[in-house]
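What follows is chain A paired twice: with chain B in the first complex and chain C in the second.
Now for the complex of A and B:
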């Protein structure tokens, strides 16, 4: 376990202030905030795939956006290879440098490509922005290689096309090619397959897996679908309302889930064998509003095994062995 | 689809195919184009100079000669050929109108892009300036400005003053239009992607914002041109043009001052008036059609192009 740490996140907070009415300002009401990310810590090692799973609205995407500097963190630390980002001291790296070493794959391949740019423009953009390859011929070669590596062969057929001429899967390959053209060390994949047709998902996941193998890139794989996680994630982190409630090696968490929320999520993943009977845990109620969080454990209003103590105590992550941690009073 | 053609050519061809279907747009294009051609080839289309006095056999100036006596459009009070003045005047009117229109477009786009893209304080500042200009009545302000600058005797051609004043005052609606469009574009994910890649503001504006609003700018420019030409005519009619280089507005001013109407010399005042209508109508028709085709607000095709444009607009008509 001595592998190099690519990314370390310590106690990350991201609160979005609500628009306050003038009346409330006069009444000196406390400003309301949406606690999108509320104290999250995790790390990613070199070449590792960490899956971040949770319902929509639990703060997964906000984490990715904060990591790459699209949102400013309210609190906490983000260390890239042990270095802070954007600080004044000598040990930190600039945001621009970080954006060269870490790349994002967004969820919606229909929205994340400029409709008026050719595929060549899109894939070569990172090279142009960072002013890396001056020679046009070299840049051309590099773009072609990235496209072919992303499975768009022959690359020459795609260079001068526009995004609307491609299918969703092809577009997502273009996005991945654009992200990999800089040879980054970290890929933040924000639900890269959830907008795609089921038949294409496996292809894109295979592609990401192959890139991890060949390039040794670390991946933060954000998804709401536990079904795709077991496929290639090394470790799994389950998020609920801005917190990580359970984290550990994928196989271990899937086989032996400790947090009731993880259990509920797992119980509703469709099984490959339709005859296999399982007990589904259907959670009652809605996800609480991230403005007014429940007291104690934030999961207790929906938890099937909640106790009296859960109302009062907010559990933190407890080590259960082999790096498996869960934030539940019942976890042992 | 023809693979050998470049994307740009393909766009242009698709655009032309869509444009050709619209009769009003074609008419507008025709009106504008004829005016430009007449202005460009003015020296070839008349044997006279605009200031030249036409004389009869006895050497007397041929004043207020109706079209039946001289040329296609007769002569004015000083015996100058009206047709010649008209096509030379087109040069002045169109130049001032186009230059002023482009300045207005440039300033308006710049304000709109900066305000929309940077938001916050920049937006507030720029939009308050816009608001102030928006509420001051245009024509009186321009009159005062042009007259004041003239008083200063700076030895600038009156036409330059006219162009600058119109251009620097008539960009407010453009700025608002562009700003609102930029606001929607900058929230789109490909802008986020560019930021996440590490692109700077200039790069994002140039490569991601500008290409999306360019069609809108083009359509709006044509509309602003017609207004600039109208305003130029108005100011020139009020005597703020250059008397040595008469535009259509100046011609109307002369006709009015020298009692062409009481003399029944319709050939003196009707042609410049109709010419103004001709060009501004052409610009408006062309601009409206271009706007309809290119403005995402009016078509709902969300800045897409090609096939998707047809598909979505088809859905809307259901």
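Now for the complex of A and C:
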């Protein structure tokens, strides 16, 4: 199945310069940079869900922000349906057009809604901004449809309410309604369920799944929790320190993980049954800061199976079949 | 349905019996946050309190520690610690129990460290406040504690902002252990942490438990964490205990429809979905408001197995007979029916 590509990311870099002291400027020290995203490539097909998994600080949110034009890429290119993102030339898609067709759902539904706006205003605002409504009735109907599609039924009960009157799960539904009201082709969901209770988490995941089926929307699902992606994503990309270290069809990666980092991440997901307690591979310490990267493979200082060669060689992704790739010298 | 939860419950370190707690709300209504909550914590054991937000998990901890806010009152029940009724103690005597016998890691406490005090000094403060130790001894105790929780000595004089989330949670654990308690309450200790850091913190709790013989009561909404850590599980719903028993039994033979649905709604990597229908089970509706509780079983409006009797009569606790005598209690009419039909 060679479905249409919605998003192509080629060799994306995003470096944030550190603030430099005056003294170091005089000394002509090289300015330090945080290499938040350091050479990342992936693509998303129409109707596909790609999960981007990694710990805090691995660069997954920076990728989302760069994709939507909130950050300017340091290098590489982003193509949205073949059109460049973030460029200044005529062939690039304008930011406004991009943000109509790609929408973001953020983590915290308590902070991403304007507390002084009614649900009606919140959900209809994107329509006004993009000048997509004919008249008030059109506006009303589209808001209602978006709310009902997001599971807030009957929509009339919610239109004039304020965010503080809603529960966390309902708020996240409002956020999703506000994103879907524009009928986007791509949804960037940044930890959309990690703030929510278990049963509500399941509801929101089911909702996103339903939207994918009914509207054919592609989803980039950003999370630190491998547990949820098994249910949800078609493909899975594991990130470590600004790079994708393993990517492939979800079932394949979960069944046969090749990168030691993926294996460790998988082993620490608690199983929902005391009988299935696993031997955990607990990596000591935390993701190092992306300013002074280790030599060779950037995972080798924490890697339980690191060899001498790992200090020197920075492995690139190797194809292992069926689109499963891993960046490890031991992968085969 | 006897008062003793199981034979020999006299050995329990902590026993809550029929604990009922009410809050007087600003709108003059009374919210019954806990009703008839009973459970035991044995020495060295880990007990998990699970349920959705607002089911009374944190209120249970606060009631046991007698740290309820001023509008909250325990209206019935007892809490025994080593056989002493804590609710009968004066505030002054109670204070002697807190921290020395039982300590608590509050929810989100790692973000409540004093930003202008060094970590080591904050831990020392906790020691000096409770113990009759001199400063030098307290300093040595801080070093011991930091080593116990795996914080390098060189970081003792750093400030909270120099610590990562996982390190701050370690510091909180060190502070809770300052006076060598027998029982540690941990309220959502890993909720804001990444999976790898969560695993580190859970591993640390297990190690400390083994080393010190500590009993732990873990409050969480994460069923995976409970499965990983706990010997015994208390599933709470709407301020009541829905199911209570050994973790093995509750996870593998859940009897209460709420427990069943909760487990099904948890995405589990070991139980991959069939690719055709990837939907998770959900529980329709929302938990009841505690000042407007439904009559009868509190879960009945959301229950897929609900019968006529459920909306009228509050189900009592039933021992699930397993033959082995392993603890497993359920408050559901379905089981009463079965018992009667037998």
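In this text, the second predicted complex is superposed on the first by the 322 of 332 C-alpha atoms of A that agree within 3 Å, B and C clash if a C-alpha of one lies under 4 Å from a C-alpha of the other, contacts with A are read in each partner's own complex, and residues count from 1 in each chain.
We take it that contacts are C-beta pairs under 8 Å (C-beta built on N, C-alpha and C of every residue); 3 or more make two chains touch, one makes a residue touch a chain.
In this text, all values refer to a predicted model and were calculated from it rather than measured experimentally.
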| item | value |
| --- | --- |
| Side-by-side fit of chain B and chain C on chain A, or clash | fit |
| Touching partner for A:307 - first (chain B), second (chain C), both, neither | neither |
| Contacts of A:203 with chain B and chain C, given as first, second, both or neither | second |
| Chain C, chain A and chain B - angle at the middle CA centre, rounded to the nearest 10 degrees | 80 |
| Chain B versus chain C as contact partner of A:99, first or second or both or neither | first |
| First, second, both or neither for A:111, with chain B first and chain C second | first |
| Touched partner set for A:18, first chain B, second chain C, both or neither | neither |
| Chain A: partner with more touched residues, chain B or chain C | C |
| Partner chain in contact with A:291 - chain B first, chain C second, else both or neither | neither |
| Partner chain(s) touched by A:264 [first = chain B, second = chain C, both, neither] | second |
| Minimal inter-chain CA distance - chain C and chain B, angstrom | 9 |
| Shared chain A contacts, counted only where both chain B and chain C touch the same residue | none |
| Touching residues (chain side chain A, partner chain B) in the complex | 65, 68-70, 95-96, 99-100, 103-104, 106, 108, 111-118, 121, 125-126, 128-130, 160-162, 164-165, 175, 178 |
| Interfacial residue positions of chain C with respect to chain A in the complex | 52-53, 164-166, 194-200, 202-203, 221-225, 227-228, 230, 247-248, 251-252, 261-263, 265-273, 275, 278-283, 286 |
| Touching residues on chain A, where the partner in the complex is chain C | 55-56, 167-169, 197-203, 205-206, 209-210, 224-228, 230-232, 251, 254, 264-266, 268-277, 280, 282-284, 286 |
| For the chain B and chain A complex, residues of the former touching the latter | 6-7, 188-190, 192-200, 203, 207-208, 211-212, 303-308 |
